[in-house]
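Each of the two complexes below includes chain A, the first together with chain B, the second together with chain C.
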Partner chain A sequence: MLSQLGFVVLAGIKFGALYALTALGLVVVHKATKTVNFAHGAFAMLGAFGSFLIVVNWGWPYWAAYLMIPIAIGVIAATIEFLILRRLRQADMFTVVIATVFLGIALSEGFRLTYNTELLAVPSLFAAPPFIVAGVVITRDTMWVIVGALLAALACIAVFRYGRIGRGMRAMAANIRGAQLCGYSIDGVYMLAWFLGGVLAGLTGVFIAPVTGVSVDLSIAIITAGFVAGVIGGFDSPRGAVLGGLLLGVAESLSAAYGSSAMKNCISFLLLFLVLMWRPQGLFPERSGRSV
Partner chain B sequence: MSERRLGGRPDLTALGPALLVLVCTAVGLGLDSYPQYVIAVATISMVVGIALVVLVGLARCITLASGSIMAIGGYASTLAVANLHLPYLVTLVLAILAGGVAGWIIAFPGTRFRGHNLAMVTLVFQSVAIILIREATWLTGGAEGIHVPPPEIFGLVIASDRAFLILIGTASAVMTLAVTILVRGPFGKNLQAVAGNEIAAEAFGASVRGYLTAAFVVSSVAIAFAGALLAPRVRILDPDSFGVLDSVFMLAYPIIGGMHSVWGGLLGGGGLRVLPELLRPVADYQELFFAALVIFVVMFFPGGLTELIRRTTSTFKQHPTRVSASSSALPACAAVSFETGQRADELLVVKGVDKHFEALHAVNAASLSVPMGGIHGLIGPNGAGKTSLFNIISGFLAADGGRVAFAGTSLLELRPRDRIGLGITRTFQNVAIFGQLSCLDNVIIGLGRNPVIHAMAASLDHFVGGAATQDAKHRALVALEAVGLADHGTSRAGSLSLGAQRRLEIARAIVSQPRLILLDEPVSGVAESETEELRDLLIRINAERNIALLVVEHNIPFVAKLCQSLSVMGAGRIVAQGSPAEVISLPIVRQLYFGEQVTA
Partner chain C sequence: MRNLDVFGSTRSAVTVAAAIGLLALTCSSTAHAQDNGVTPSEISIGAIGALTGPLAFIGTPGRDSMTVAFNEINANGGVCGRKLHLGFEHASSPAESIAAVKKLVEQDKVFILVLASGSTGAAAAADYVRQAGVPTYNIYGSTPIIRNPFAKNVFHGAVVPVEVSAAALISMFYDDGYMPKKFGILAGTYAFPQATLKAAQDILKQKGRDFTVEQFDIGARDFTSQLVALQRQSVDSVLVLGSFSEAGFAIKQAREMGMANARWVVDGSAVSTAIIPILGNADGIRGYYNAPAFPGQTPATREFEARLKKHLGSMPQGRPSVYDLIGYGSGYVVAEAIKATNCQLTRDHLIDAWSNLKDAGPAVLGGLDITFPESYTPTDHQGVYRIGAAIVKDGQWQVYRVIDKP
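The block that comes next holds the complex of A and B.
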């Protein structure tokens, strides 16, 4: 009984870690550029597709996927920022949201047309038998996803908080004119934010590929979960995004195990609704002690 | 132009869109059964298109829930026919009701958000509604779908493509007419005003949440109606035909067709529904093509096809109106004698108002009063608390303590939009005109007849050319004339110069015949020559219409010549009051306000 609960919670944490990584990507772009990238799910799906190409089609080792795909997706994201969103910088949020929604559709349709199948399976990383701790079965893949995704998220938070890149992005978010006067270029910082968002999306894709396989539906599934996780945590807080992702993953897993699959689908929306109505700043917002 | 429209004739152009739908239907009657099918579903998409013009184009709310609303309409009608054995036409009314309720449910949380959060709220509704339909197998047949019986109208069974086309085309035309009437009248204008400038809309009595809710309800009613028309046409109704992707592609209708007019919705809905039928050989690429098309339109032709057409044709029709020509035509200032000795009854009394922002005591026991028909100025250096005090009086900021009374009524408990009913209007520091609307429509909003239901009724009155519409136009024209903008009634307000926009704001503020106008830095950013004209204009309005003015302003020469009395603020307190000449010569004022540079 207890071991089943442990298994369910662990599965929840696994998905939660993936949601956390997705939400972090959304939050990083939002913090720097004040736009929510609805194409983020499509970026992650392209990342998952990329690992299918590398691991299955070309038979290269897994570490090549982990190395190449985040960078590739980052470059794609930065290019899209350069080609499309830069032209919309004067437009209002409304227009930008619409543009990224349809950008996501265009990317996933592009994938569907080039690879017209229902689902592409990607093999798991480890063939060795799972651990059994106190009656709970823990596969090596689960361990790897949880540890790897969370470490990547922490590294990203560190870069954002302490790196020069992160400082520029935070400055830009706080006061765009002031940041410009301090020598940060808008174009540079926005492109960098999209690159970093793309890297995170690509990483999400590589981590998720063996878990769910690759399909067109992945795009919408990822963006919804990531967005809900971000809102739960507080859309301006990287730390909140990670905690929100974990919370969402566990809540989904529990309601699927002890409720029904329909309930699993509804729980994320229920959480989103409750948070938006009663605590729109999120459960773990950034401390705002600096305001006068 | 606008004079001619005063004749009280019905607004026949509102019939255009519905006529287009009927013409499409009539053309279809002469064609084969497959084109008849295509035209029937295209007219349904036209209805969806104009519904989304209301919500997306005019109210600027993003919705990803259109698919679920359509499903709700379809299921409401079908289930009522199948289980309650109601006549099909009656179930159309049920579908409308169900759509209205659904729209209200989305709007309840939805109107608290804009942009991406609103998109997500609607996505939540979409997903949950479809999940519920799929899970309620006992009622809806679940994912398998439900068989829709052919509609029966007065004993006539609709089964052939031709009969379906007649039914669907006619019904679509009726809904198109209804929505067009709303859009072309004050309801549509006010929606644009709310989307364009929420604060100004509230100040003139238009509730932002009320209008956005109405936009959701109206568009959902039309979309649910479209769903009820579609249901018997597709024969099997299943939840997965109304998914998120369908909602996203419906969102493309107004974006590609044109967001600011009913024609755009018709063009986008009809066009995007017919195009895939024409592109059958390359059907696989249509979603990619649509998505790319939307991005292209958003990047290069914001406003969509109709906006593009309007812009290319209007360069021939209308020259951009030159404003400087008419500003010189402003009548000279009438000689006004101030009876400063005589204290009239006090109109506005501010007593001991306090406001803290955490540690900052922004307004400290401030008191002032404006006499009936007087002109009072509020000056002070940056950070003195003028704007805070002004916002407390105008209702956009809550006071921590004190009293603000207008002709005996306490103002502090009232919302901004309640003030216009008492006879208080305002202008804004950063001009807050409704740029999308014509000058005349801007001023008509200033009449303050803007509760949602009232505006809907006024839209009907506008359509039939009724007395209320004539009266509103007449009053607005008089107000425009008073500020010297009579020639610009039909010009888009956004195309005016800053000085003319300031005068338009004044016209909007005086049209309701208020007793007090609050002017927030009326000449900031205005050219020197126009400053004098504005001052003369304000003095004339005060004298001729007996409207009291309370002016917050930085420009001391302007205030000194305009006002009969002044209050000077410094560090949250009122430090001096009196006539301009007295006040400005006080040492404390010179020290506080002018520093070393004595200019006045």
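The block that comes next holds the complex of A and C.
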């Protein structure tokens, strides 16, 4: 029984780490630009597709996907910011959010039109046998996803908190005019935020590709989970996004295993509503609380 | 008389009246021909199926392979001096299926309607096609809803009724002397897994076997909860009713949980080459197959693969699938049914001819022999009762025995 519980929790942490990385990408863009990027799921899907191309189609090693895909998706995201969203900067928030929603749909449908297949399978990263710790089977892939995704998330938080780039983004979020007076360029910071968001989405895609395969539905699945994780943790808090993702993953896994499999889908929305009603700033907000 | 003056003479008036009458008759005749989808140069066949979304793995091969078959038939002169024209409508949900079928029947006025949509679309369209009376060919749906009650205008091709496929699936657990102790069934909550689930449950109850059922939503990728439940029940034989991606990720996760020694049998829709890259090593997994040989297993299936690839440009992962083979074979069955009318191209003649069709298949009209032959009687419109038992060996699916109406 304990080994089953261990496996369920581990599976929850694995998916939670992926949700955390997704939520972090959303939070980074939102924190710097005040835009909720609903195209983030489509960026992650493109990242997963990129790893299919590199690993399966071209037969290149996995590390090439981990190096190239995040940068490529980051460049795509920054280009979209430059070409499309920059022109909408003066528009109201609703217009920008709708633009990102339809941008995501356009990217997903573009992928569907060019590669019309139900699922593209990407092989596991490791072929070696799993570890068994106290009766719990731990595959190397599971370990890699958990450790890799969480380390990437922590690195991003560190950059955001202590790096000059992060300071610029936080300054822009706090007071645009003030940040400009301090020498930060709106264009530069916004583009950088979208680049960083794209990098995180690309990384999520590479991590998730062997876990779920690549399909158009991936973009919706990942953005939904990432958004819920972000709200639970606190949409302005990178640390909250990571903790929210882990909490969501484990809650989903436990409720499905010890409640009903149908509960897996509703538990995330139940958590979302509970947090919005009783703690709209999220469970782990930044020091200065802010409503979602 | 004044009217006659307009034409100059009575004789002229008669000539003009005759011409008008002839024209009206011609127009009426043309309109009649177009009413049933047949023109002097073309026979219109309409089909529905999902081209995008989670069920696209059924509809897309249907469209592509029927097109390959019709292209071959047309290149050889067509049927009854006419080319076969396929109009394919995307339909995924029940509502879309009904709308697409109505459009094809009422607006496009097709001669034959092909349901290439699997059980979801077939079940949704069942009542309408029975009422409309248009010759309907259900090529992928295993659901009983399209089969019962019997309708003289509805024919069912290579996909066998769920009772037949469920019995075949259960029989595969006992192959090679394996004796299951407890069955677990992982079933999707959508139409076709549910239809097979009910039939499988009935068989297991009749046999007095111990079993447990866990369900998952369409497109599921995380099966932790269902697998934990199966593990708790000490299941040693698992039947997966769902698509190849669902079955693939379920089995992959089960292995990670230490359920590697269980026997896995998957539904026909999961018997696809695409399940192999998901699992890495898929050897030993079994499932039923609605064709006598897997792509790559015989020269005919290899030739089909080459022709499909030429048509598509490049072969998508997991293709050709069984839906490709069936689509191709069904295209030829349609042509044979039309030919069997002796070119009396009315719907009534077609239904009569189709009801007496024997051993129909691509080979009869010079196509590739890659499907089970289809035979019909006026009281039994199920064309095929045969099914192939398939297994993954050395990373390749192969049919290892043919089951005749288990």
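Observations, loosely collected:
One rule holds in what follows: the second predicted complex is superposed on the first by the 288 of 292 C-alpha atoms of A that agree within 3 Å, B and C clash if a C-alpha of one lies under 4 Å from a C-alpha of the other, contacts with A are read in each partner's own complex, and residues count from 1 in each chain.
By definition in this document, contacts are C-beta pairs under 8 Å (C-beta built on N, C-alpha and C of every residue); 3 or more make two chains touch, one makes a residue touch a chain.
Model, not experiment: these values are computed from the prediction.
Once chain A of one complex is fitted onto chain A of the other, the partner contacts of A:N265 extend to both chain B and chain C. Of the two partner chains placed by superposition, only chain C is touched by A:S253; chain B is not. Contact with chain C, but none with chain B, is seen for A:V56 once the two complexes are overlaid on the shared chain. Of the two partner chains placed around the shared chain by superposition, chain C is the only one that A:D217 touches, whereas chain B remains out of contact. Within the superposed three-chain model, A:F7 lies in touch with chain C and out of touch with chain B [touch as defined at top]. By the touch criterion defined above, A:P130 reaches chain C but does not reach chain B. In the overlay built on the shared chain, the residue A:L119 is in contact with chain C alone; chain B does not reach it.
Of the two partner chains placed by superposition, only chain B is touched by A:I84; chain C is not.
Overlap of the chain B and chain C interfaces on chain A: residues 116, 262, 265.
Chain contact summary for the complex, chain A toward chain B: residues 36, 38, 84, 87-88, 91, 93-95, 97-99, 101-103, 105-106, 109-110, 113, 116, 220, 224, 227-228, 231, 262, 265-266, 269, 272-273, 276-277, 280, 292.
For chain B in complex with chain A, the touching residues are 60, 62, 64, 109, 112-117, 119-121, 123-124, 127-128, 131, 134-135, 244-245, 248, 251-252, 255, 284-285, 287-288, 290-292, 294-295, 298-299, 302, 358-360.
Residue ranges on chain C touching chain A, taken from their complex, read 51-54, 56-57, 60, 214-217, 219, 221-222, 224-226, 228-229, 231-232, 243-245, 248-249, 253, 256-258, 274, 277-278, 280, 316-319.
Taken together, the chain A residues at the contact with chain C in this complex read 4, 7-8, 11-12, 15, 56, 112, 115-124, 127, 130, 137, 139, 142, 211-213, 215-217, 221, 252-253, 256-257, 260-262, 264-265.
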